[in-house]
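Per-chain numbering from 1; labels A, B and C assigned in written order.
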Amino acid sequence: MSARSVLEVEDLEVHYGLGRRRRRVLDGVSLSVSNGEAVGLIGETGSGKSTLARAVVGLVPFSRGRIVIDGQDVSQAKARQWRDLRRRGVVQYVFQDPLRSLDPDLTVGQSIVEPLLIQGISGAEADARARAFLGRVRLDPELLGRLPGELSGGQRQRVSVARALVTEPKLIMLDEPVSALDSSNRVQVLEILKGLREAGVGLVFISHDLGSVAGLTDRIAVLYQGELVEVGPTRSIINEPRHVYTRLLIDSAPTLRSAAAKRSEREQLRALLHT
Amino acid sequence: MIRRVLAQSTGRLAVGILSVIVFLAIFGSVIAPYSPLTNSATQLAHISGSHWLGTDYLGRDTLSRILAGSRASVIGAIEVAVIALFVGAIPGVLSVYLGRVFEWVTLRLVDTLISLPFLLVAVAVTALLGNGITQALLVVGVLLAPSFYRVSRAAALSVAHSQYVEAAQISGASTAWIVRRHVWSKVLPPISISMAYTVGAGFVVVSSLSFLGIGVQPPAPTWGGMLSSDLNYLSYQPWAPVAPALLIIATVWACNLLADAIRDVSGEAGRAAANMRPKWRRKLALSQGGG
Amino acid sequence: MAFAAGRKTESRVRETESRAAAPPVASALLSVRDVHIRDRATDREIVHGISFELAPGRVVGIVGESGSGKTLTCRAVLGILPDQLVVSGGSIRLAGRDLAELSGKQWTELRGSTISAVFQDPASYLNPSIQVGPQIAEVIRVKKKVRRREARDRALELLRSVQLRQPESVYGQYTYELSGGMLQRVLIAAAIAADPKVLIADEATTSLDVTVQAEILDLLADLRERTGLAQVIVAHDLAVVAQVCDEVLVMREGDVVEHGTTAEVLYRPQHEYTQLLIAEHEQYGLERFLDIPREERA
């Protein structure tokens, strides 16, 4: 049985800057995500992972390659086509810092329903639909009338997730969903994301820390300096990493018991990487 | 936002004073007991039952002149502010969207304008273009535009690259939607504050110009002009300048107070204070418009 | 008794990573005994009694969430508590001296040459309009009283010792040109410039990528081995602390809920909060997937 893919990225190339300062941020990246699959896109700062996620939702133009979202090729899409695709509510995005991605002058309730209102759904109907998702993100309806500044970091992140859910998208990109959170909040959000996965939504987690999302992903894709260096099922990437960078990534993840012992291994891998 | 401003005591006070001034501007001549232009034989009279503020050196009723003079000042101040608003705010917002060259050019123009002392320039312009109030006000309006430029540019910048605008775009929002729902609420408060301050500044400028004899020609009454002539007869009527001076001061002070009140209810401080909003704002309806 | 610590040990001990618990050491470099910290403004006690000893060449770790009191403890040890907070009970002794009795001048002497620190956001501790190299050279010039040229050479040496690949190049760069990891190395270089005995790393790796974090932690372990630098590592991730520390304290809302050797805390945690932190790692971290050999489990 072939699962239809909700996202297909083929040989993507993205440049930033003009003239002499032009540099290649993504180089020939290909990735596919099937319906209901959870993929972890791992890379360090500057690897291009956020750029890739932003290109998928149309915030960043690309110079070469193809992107197909839910069967629709958006490679040549202009503003109008992007708007129509977006209004279908197929793809959504959860930003890393909810404090910056929620309008500080709107109540969180207003922010959550915004995608529905943009689609043209009436206020009352949007209300009702949005409330149905509050349970899934364990958000108290009482908080809806508050401004983002009045909520805790964990609550804000859950609001951000709720906003991404209301259009019932097939694919959600999540940029470092838990890295800004404290332990207790982190666990709660991870639980919510686990629930999403079980509900069959395609998820792409962007993170620099493999450890934080390993428990949630089916597959891992490792990005290093704009190139996809390794892709595979989570378990095999973690236990049998092949590329030097992947191995360094695994060895660097702070695990409770084995991290100290791997020091010399890490030093060797770093030396290899920089030759 | 208007409701929030009025909720503050400073806001109410400011709006109260300004309403009175505007009322005087509109109805001043009508309620004045005498015509401001009628000369009479009772020159430099003291405060009395028939002349509540006495008369000036030509026997004209001071109170009537003040009431009638309010119009020129108010209209002048508003004119200056409106010119400054358009000349400043539009390029300010556009500078964020029209590319590097436009941005650089406007920034340098603004720097130049800031460095010019406006009264001197206004006087110089009237010397060049003739003694009309319109020319002078135009020039002053342009000279006061930089603050609108900076304020609207800053507001537009902060919104343009923000993540919540990106989030709206990802959900398919059109530019119109984004402006209405996100940009407007960020740009309106700072511009309102600037407006209030500039109207106050405009009052000072108009009064100063008329004090110097530029603009509205005698015998038409203006507060500044009255101050000027009062100074000549100070030994006869030492209390005379008090009335127009107080009015000028009160009006400018009210404008600044209004600006402060708006500032208190908007931006970071305003949002923190919004914790204590009255209950009607805490309704759980999700989809009402922001504001 | 504690005055024995007044004699500074000049020898740099090369110590293997021993995980045995250290007995109460008479020559402890840093001795924190039942320290309480109180907020004078609200008259509330924020830290309810924390104790630990740091001997030369040892590393102590403090784990806790924001608000647990871990950062305040560090600030108390460094003498930089905000005005309204005071040490309301217990004592802190550094190299045998009671910190409560120190004057401003004596503090200035101590900082940098006996105790030093690195914090979370490296860029904010450097002047962005001056190149980073001269800023380190300045520290050396002042603390070691050497001439400019020698200070520059030593600064380059330090940059090399913190494993920066091109020290000469980094010397001449500005903060905005350097990545988070490189900046943190520069700060570590500045912190050890005057050869302190104790280094406090307060959430020094929190905002760094995981690979860069590992580099910095490895660097700290390397410094410990090469120079015997004693360290206090503060983090909110138990695994970070477990990687480099001999002894661990877990703090929660001002209380120390767990204190023992690393092995004890990881394998025989007493308090449920510690157990929660461990469980979180095991459920959501790499642990679940790594085929951990049976021998590692105690």
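As a working rule, contacts are C-beta pairs under 8 Å (C-beta built on N, C-alpha and C of every residue); 3 or more make two chains touch, one makes a residue touch a chain.
Here the structure is a predicted model, which is why all the values come from computation and not from measurement.
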{"item": "Geometric centre: closest chain by C-alpha means", "value": "A"}
{"item": "Farthest chain (mean CA position) relative to chain C", "value": "B"}
{"item": "Gap in Å, rounded to a whole number, between the CA centres of chain C and chain B", "value": "57"}
{"item": "Gap in Å, rounded to a whole number, between the CA centres of chain C and chain A", "value": "33"}
{"item": "Interchain centroid distance [CA atoms averaged], chain A/chain B, Å", "value": "49"}
{"item": "Set of chain C residues in contact with two or more other chains", "value": "none"}
{"item": "In the complex with chain A, residue positions of chain B that touch it", "value": "162-164, 166-174, 177, 181-182, 185-186, 271-272, 274-275, 281-288, 290"}
{"item": "Chain B partner contacts - residues on chain A that touch it in the complex", "value": "57-59, 83-87, 89, 91-93, 95, 97, 100-107, 109-115, 117-119, 123-124, 126-127, 130, 141, 144-145, 147, 149-150, 163, 167"}
{"item": "Residues on chain C engaged by chain A in the complex (per definition of touch)", "value": "17, 65-66, 165, 179-180, 209-215, 218, 221, 236-240, 242-244, 266, 276-278, 280-292, 296"}
{"item": "Complex contacts: residues of chain A adjacent to chain C", "value": "44-46, 182-184, 186-187, 190, 208-212, 214-216, 234-235, 238-239, 248-260, 263, 266-267, 270, 274"}
